[in-house]
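One chain, subunit A, appears in both complexes that follow, with subunit B as partner in the first and subunit C in the second.
Up next is the complex of A and B:
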């Protein structure tokens, strides 16, 4: 799956979670840059991404995320 | 296939337009009805969250949410509850509730329960859910060489303290959990034999918890059973606990929320009451009209026959606990009845079926006829039907009827039917086990009515025996059940748990009355309840008056009032005040007090009506009852 489509899927999930269709994510976007992306929203987003790609991230990988690009890389690694 | 309960396979999958429709719930004309329909699908966590948010929005805007019943729920949880909260209002709508939720911060259970000024009490909850796990209870580690009993005692005492605090805080409905057993065998099989193993400690705790709940009138949420059904190796999800302090697998959230909602719904008297069975390929293999009685598959001799026998056995088991059975089948009546009469391997017989509808009308028409014949709502029905087209038709025309999805293999029918939680209960009484017989007797009574044609003669011919008594421990479970389940003949719809009933029973100034009825066809047991409180003027105020709808039209209400007046006179009470508080379901008793000769004193804009009866002037008329000797002489 190309990077762009993983990013698109993640963007869609974040928009649904935060109920804001205007959100635009780039690999450099950090959670704190997005209004409403707090720690509870973060859990919901990560779990929803795991569901969407039918995978489960390792605990250490989840705690080390810096930005959306890391999340995309994590999905890429998980889905091969 | 294997059965994945987490996917809630008894619910149909959400369609293409589900998401866009869910987003319109809070702005729709009938948000309650829309939410209930949308909630009737197999919703994952994300779907559940979307719908829950819209329900919360509709609630905040103050829109009426009928047909949903509003329930204020406070949650005290040892672990993170926010993600479970995401799914609860959606699950509530599925079970007829509009859940208004307040969640205490994680692991502040005692701080909130013991502080009368806490936000938990400020929410004025109708119910409080206490959710704790083995860690909070100190049951997470083996106690080898230590006294295992002391650990269990301490765990029970901790929860008992919380329950006691909530009861002092006037919380009427308290829900407490059993505890799931983590799949961490220390000795292996020997864990079962070693009292200090985590497994043995939790098993001992759960047994004590169930006793405690019964003693104090709390309701048990059997988390241990849920975790077993899911599989504990799946249920316990260490990454989610370590990362987020989630008490179990995130994917289990929708099912967990459904278990909570169905229990709360049952405690509000909203559990379903009647299982309607299709026949061909639901109760037996094959089509009776084509295959004939020799050709259908039922009972031993074939694997398919065994599957359908298991469906019939499940139906009979439900009947034995008070669920009414009915039949709706597209067949000629005589053809459909033949296996019930003549097939030696049928477990179900005609006498098991309260209403038998075999004709060529569509299913919705037959379901309406069944509900009418039983004098219950359509929302009390569950339809078991193998035909996907019929299921879809009923869901679209009668969205209040529950219609489980069924796989092709009938071997799965019983598990799916029972896993869906339609017939959830918070108690079980002798009356429950006799209910089906009672509905049958009703059919015979209707026949007498048709023969005599005159109401007075009909009532006299029934040979009714009535008895009144104060509340007592023997009647208490049934009284609590009536108080919590009666919707239609219920003047104030106040719900009291069994524990609260016991407390009312003990109030010296409060008059309580339970009324029993039997006739020549059967014994109804307790069918009427009155609670009257002494007000400051020395008059009685009727707090609760309700009756089972099974005894409508028999002048039982007149007999109950005659007894109430007799007791009032014996105490020198001059006036009895009363209220009618309208709900979506109790319109049938709007004129109850007018008919009984009370004077109306006030009516407010919500439709609530106030009444008073002058005890001295009231004339007791002749009534068609024999009195049960000894029952109504208690002061």
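Up next is the complex of A and C:
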């Protein structure tokens, strides 16, 4: 899947989980830049991404991400 | 009807990045928050959410609780804050399991005992973390405030008080300072927890007689119709059969006796066993054990509105003030 499409899917998931359609993500966006994206929301976002891409990440891999770009790369690696 | 009790509040809380400035008049809360963010800077956003739309009267009351907690903690605040962080990280691991499987990881009391209660090195850290969460997690703080104001504040003179799992002793402390309370008794299943509570009460300067018994609330109560007030906070979700605990308290209360119940729904933790999936479900469960709800409040996880918490199945603390309904249950 193209990187842009992964980013779009993640953006949709984050908007839905945080109930904010105005959220715009870029690869440089950090969780702390997005209101409401706290550690518990991060769990819900990651699990929704797992469901969307039919995969499951190691917890250690998804708790040390620097930004959305790292998350896109993680998904990209998981889905090949 | 339970569904009439839950109000769908959709107002998003406004984070307060200047919480340390707002907390300046409240020395104990300020000390606590400043130490947390110094040791764990990444917790800043959570604290900003916790102290949203700054409620001065509420925080003034919580400052009194924080003052007591700091007395209990003594010179070990950094240790307590480190263990609070450790506990929060353990909760995140449980949250992953819950979101993926829609169940709590543990199903039995024996599992919780093996992983948590029977391991002093785990239990000690957990208990320290819980004390900090009592002040920092908004649902915990709001529930405690309801206990003081709405429950103890409405106690009739001469009331006999019973608490299950007194833990850090803060509920007992305020009961001991309530003039309407004639006697105080607490039950716990752990001799070491009882010793901890006694030590905490001594450090807090509680001089009133407090009877603490080794007694399992899910068994038939040792005395029937002996109490006017019963308190069971953050206990039911740790039990395989929480219905037995409430029926035991129903039997222990005198006719018309009042009960304070606090339990979370959708709230994974290293030792939570019993899952309720909504406040409605919890209220129905409570009513089925022979109590009428007189007042109910539902406190969503810090940072979320109640509406969001209901839609997303986030943790919600259900705080019910109830009264024993007579003559429709066979006493156990």
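Throughout what follows, the second predicted complex is superposed on the first by the 80 of 80 C-alpha atoms of A that agree within 3 Å, B and C clash if a C-alpha of one lies under 4 Å from a C-alpha of the other, contacts with A are read in each partner's own complex, and residues count from 1 in each chain.
One rule holds for everything that comes next: a contact is a pair of C-beta atoms (placed from the backbone, for glycine too) under 8 Å apart; a residue touches a chain by one contact, two chains touch by 3 or more.
Not measured: the values here are computed from a predicted model.
Contacts of A:47 after superposition: both subunit B and subunit C are touched. In the superposition on chain A, A:77 makes contact with neither subunit B nor subunit C. Contacts of A:63 after superposition: both subunit B and subunit C are touched. In the superposition on chain A, A:32 makes contact with subunit C only, while subunit B stays out of contact range. Overlap of the subunit B and subunit C contact sets on subunit A: residues 17, 19, 40, 43-44, 47, 56, 59, 63.
Across the complex, subunit A is touched by residues 15, 45-46, 49, 88, 92-93, 95-96, 99-100, 301, 303, 308, 311-312, 314 of subunit C. The part of subunit A that touches subunit C in the complex is made up of residues 17, 19, 32, 35-36, 38-40, 43-44, 46-47, 50, 56, 59, 63. Those residues of subunit B lying in contact with subunit A across their complex are 44-46, 49-50, 53, 82-83, 86, 239, 242-244, 246, 250-251.
Across the interface of their complex, subunit B is touched by residues 16-17, 19, 40, 43-44, 47-48, 51, 56, 58-59, 62-63 of subunit A.
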